[in-house]
Amino acid sequence: MPDFFRRKPTFNRDDADQDGPVVPDGLWVKCHKCKDLVYSKDFERWYRVCPKCDHHARLTATQRIDYLLDSGSFEEWDRGIVTADPLSFDANGDVYKEKVQKTARKADQPESLITGRGRIRGYDAVVSATEFAFLGASMGSAFGEKFVRAVERAIELRLPFISISSSGGARMHESTFSLMQMAKTTAALSRLGEHKLPHFSILTDPCYGGVTASYATVADIIMAEPGAMIGFAGPRVIEQITRQKLPQGFQTAEFLLEHGMIDMVCRRSELPATLSLLLLHYADATMGRHQPEYAYAGTPGEEGDS
Amino acid sequence: MPDFFRRKPTFNRDDADQDGPVVPDGLWVKCHKCKDLVYSKDFERWYRVCPKCDHHARLTATQRIDYLLDSGSFEEWDRGIVTADPLSFDANGDVYKEKVQKTARKADQPESLITGRGRIRGYDAVVSATEFAFLGASMGSAFGEKFVRAVERAIELRLPFISISSSGGARMHESTFSLMQMAKTTAALSRLGEHKLPHFSILTDPCYGGVTASYATVADIIMAEPGAMIGFAGPRVIEQITRQKLPQGFQTAEFLLEHGMIDMVCRRSELPATLSLLLLHYADATMGRHQPEYAYAGTPGEEGDS
Amino acid sequence: MTEVTRAWDRVQLARKPERPHSLDYIAAMISGFVELHGDRRYSDDPAIVAGVGAFNGRTVMVVGHQKGANTRENLDRNFGMPGPDGYRKALRVFRHAEKFGFPVLCFIDTPGADPGLGSEERGQATAVAENLLELASLRVPSVSVVIGEGGSGGALAISVTDRLLMLENSVYAVASPEACAAILWKDSSAAPDAAEALKLTAQDLMGFGMIDEIIPEPEPAHEAMDATLQRASAAIERHLSEIEKITAEDGIDHLLELRYQKYRNIGSWVDRQEEILTELPSSFASAVHTND
Amino acid sequence: MTEVTRAWDRVQLARKPERPHSLDYIAAMISGFVELHGDRRYSDDPAIVAGVGAFNGRTVMVVGHQKGANTRENLDRNFGMPGPDGYRKALRVFRHAEKFGFPVLCFIDTPGADPGLGSEERGQATAVAENLLELASLRVPSVSVVIGEGGSGGALAISVTDRLLMLENSVYAVASPEACAAILWKDSSAAPDAAEALKLTAQDLMGFGMIDEIIPEPEPAHEAMDATLQRASAAIERHLSEIEKITAEDGIDHLLELRYQKYRNIGSWVDRQEEILTELPSSFASAVHTND
């Protein structure tokens, strides 16, 4: 039984973070974008967002949940559902089973998706978060199965569904099995919608391929983190095929906002406030009950206000 | 009682046809577009389409019905519904009541819309046709009332609805009364749709403003005649405001097809065949009955096949 | 001619840049407003604002035209003239509201739909028409308020609601007085005459039975912002409560029937059917017959 | 390595320009076909054909990818790679079919969705995703046939139907073998290896239980066009009749339940829940707990 089936008590930041900060020593981290040095503890306190250039460093699934949910509220589901090898993929020296074992150890997670329920500022929700370090959070069968189980339990429990996504694309090693997870996850959300339960989708850097072209964009409200790269085809593929230079800011969250594809760009630090507000607004529809009195200080999600 | 309340036994082509052929003598007509001479009787036989340049000359409402419906099948409805003067419009020497009388005489029709039921190659349908010579077929209260009554009767009779539209824009002299006909006609079509009855819309030259922005574009299938000018704002208004030269072919039926706004460009001579085919296809949904055997020679509406 | 001056004065008041605009109403009466963006098709149109929030303890979805308070803002907002992308953002929000059973509030404030080249290319007419269709059958209560200028199909596209209210100094017409004068008389300087003739004031429309209430402005809205916003909020609450009560008691289908009749019955025409019957001609055109 | 050659040969056959394409199937089996155009939003995408017609005496709506038979046609049809406008045309036709209760037939034949700049700008991902959502809950029977190349989400976007059939020499995969080889091994010349590894033949997918029938090609489709079209027509009729019967007997909700289960159950994974339970660690992360 490999070690990665255990839940991680502490973050494993350096391995999992492909665009994250370089750590010159234990005390300081170097921002991947502006190259400035930031005091480590501050960086963590600021949700791993650079105070100089606002670069949102990539997070692991565990960090996501830790930053977003109320402390101690997360109850993980289906941690035992893991990848199989439906195609017996072994070609050109590329053995899927070995790759999965290696990536699981590196990511220190048994799968590319974590699901469960938790609370955001006191509001219950079902949550899914992708683990990019696990084969680029490509959507394999286990990913799809965990996602659908979570949606189905959200329906049973009458809870809203929040997905946090990043993905490098499809899981080639599962071919049509991977492809069909797009249909499978989306079909589950269709049921969620029939039960009048909302789906809020949070797109994070990078988000491409099957995930973007399925469950992550059929949401009632779509948010993205600043600067996140989001698209169907990757920029290199597009450049190769069109032989055009891509415009400045192409496929960024801000670009998608301008092109009408997302509801707002929301800073990481404001996600809990914005989501809890939405959970409050949709509580009536969700729980069939009256809402408490409204008393807000300010309006979150202002960055969407372009 | 003015003469124009009577149904017209013969066409009154020259008055009503603002872009139509100039008639140098009784035997020949001159095409408005290519200026070629065409033998009058041929021109009529060819649905008033120029055999040289395919220019589709404008038609009166009566001509529309005569060309489209099976001979003798048309039963007109609500011919008595005519324009009132809700705003007592009298400004700058512009007296609405007088204008309406004058236009009615000129158009030789009591209103800007004709409605009724008829047959197209044997298939029953409710039909509306605009009379452009009547104040540019702008949508006044009487237009809206006749349209809605026709739709409501289509629902009662469980018949498909076919609208044939041209319009210069809104009826200024009825202001909000005119504006609200957009909501009124569209609401009626919403009911038609709830009853699973199809609406086929035929856009003809010129079709602008309130008509285009309401009932004429909320159809299950939208057709337009070749070269017809169709839009929301007129080309002069757009040029004035944007101070840009409009591109070649802007707002033509072919332009709209390319931009995804209509289903097909259909030559006038092919309209009866295409519509009867559609009426056949939708007969099941309409009448809740089985369809006859299919035996077609060729596929109409091929011009849409761009 | 004092009458003309009066209507034209209303037009000027309705257009005042200092007048409260949609986002001001939203800030005043919607708690925890979360703005939603984009049509999911092409762009996010800043001439339409939309979002979700709480109105007196219930979740509502809000859609409004958004003008700017100054020239720079107005350039950003295209002077409150939405393109098809704006109407499609509204459409998306209407459907979202219907899915979750949230009432819809709309704020009307536009000279008209954008008449530009790109708007035509992307189907301005179709976009307006689809909204009319959607609103006619939207299965949630809806209230709209004309807060400034209600111009043409561009205003109508988000105002076909269960209740239609107007601020005392707002106007609503089939076209701007300038456009009307230019079209009818090729003379846009005759706009004041057109303003009068178009019967575009709240008082006129109340007289025609076309609106449900005039929200008074003892002082013009821009000189008494807070009082105006409070009055508007109270009026909306009153009408929304009424139609929520109808829905609760008689069902949403009854509300939809009332909404249908509301718009179905707007119109002024004459029925001369009997006169015609007495003068029926003996001959018919080849295809033109009558069932009279 | 004969096995590799075989899968790669299938890919070559599936891509043959002389192979019948969607419009050929439509011409052969749909009477009185009327092609419908446009997304009502932005453009008419020639890489998707759609329309209404009669299939064995019932009205159906048809949607298909359309490749060209030669280079010029292929340039016109963008090699059968639809943009978002194409998927939105399909979406419109799906909804139209649902409104009137017409079954939907889809023909799958695309290397994938268009990866161009404009497609990204107008939301290619969103367009594909919305179709998946729509098809999952579409309240009419639906059948699709992979007639040539079924590539990636661009194929899936019009193939989430009650029944999925494949021509014997068609292929269906998450990506083209070339793309797969380039992504995994930075070497697109290894495409034949990828073709084999991707398990993309009709036989493979039948083995996985992912498709409902293989339509045999005793001779490759392009060498026996009429026979192929007839076989396809017969297979579609058989499956369509079956699901029409289910709908008639058990109701459309039952059909939708079957459709849901069909896709919900695709997947191959392992449940190690019990192993974990025996190795449960004693300490938890601050926010990460488990209900096991």
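To keep things simple, chains are lettered A, B, C and D as they appear, and every chain counts its residues starting from 1.
Just so it is clear, contacts are C-beta pairs under 8 Å (C-beta built on N, C-alpha and C of every residue); 3 or more make two chains touch, one makes a residue touch a chain.
Note that the structure is predicted; figures quoted are calculated from it, not measured.
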>> Going by the touch criterion at the top, tell me which pair is linked by more C-beta contacts: B-D or A-D.
In response: A-D
> Roughly how far is chain A from chain C, going centre to centre by Cα mean, in whole Å?
Replying inline: 40
> Could you state the distance in Å from the CA-based centre of chain A to that of chain D?
Replying inline: 27
>> How many angstrom lie between the centres of chain C and chain D, each centre taken as the mean Cα position?
In response: 43
>> Where in chain D do residues touch at least two different other chains?
In response: 40-42, 122-123, 126, 130
> Out of chain A, which residues touch more than one other chain, so two or more?
Replying inline: 193, 259-261
> Are the chains arranged, by touching, as a line, ring, star, complete graph, or other?
Replying inline: other
>> Can you work out from the touch definition every pair of chains that touches here?
In response: A-C, A-D, B-C, B-D, C-D
>> For a test of understanding, state which residues of chain C touch chain B in their complex under the given definition.
In response: 113, 115-117, 119-126, 128-130, 132-133, 135-137, 152-153, 156-157, 160, 172-175, 180-181, 183-185, 187, 190, 193-194, 196-200, 205, 208, 210, 259-260, 263-264, 266-276, 278-279, 281, 283-292
> Contact residues on chain D for chain C in the complex?
Replying inline: 40-42, 84, 88, 122-123, 126, 130
>> Could you list, by residue number, the parts of chain A that touch chain C in their complex?
In response: 193, 196, 198, 220-221, 257-264, 274, 277-278, 280-282, 284-285, 290-291, 293-296, 299-301, 304-306
> Given the complex with chain B, which residues does chain D contribute to the contact?
Replying inline: 31-46, 52-54, 57-59, 85, 89, 96, 99-102
> Tell me, which parts of chain B touch chain C in their complex?
Replying inline: 1, 5-10, 62, 65-66, 69-87, 89-92, 94, 110, 116, 118, 140-142, 144-145, 148, 169-172, 174-184, 186-191, 193-194, 209-210, 212-218, 230-233, 237-238, 241-242, 244, 246-247, 250-251, 259-261
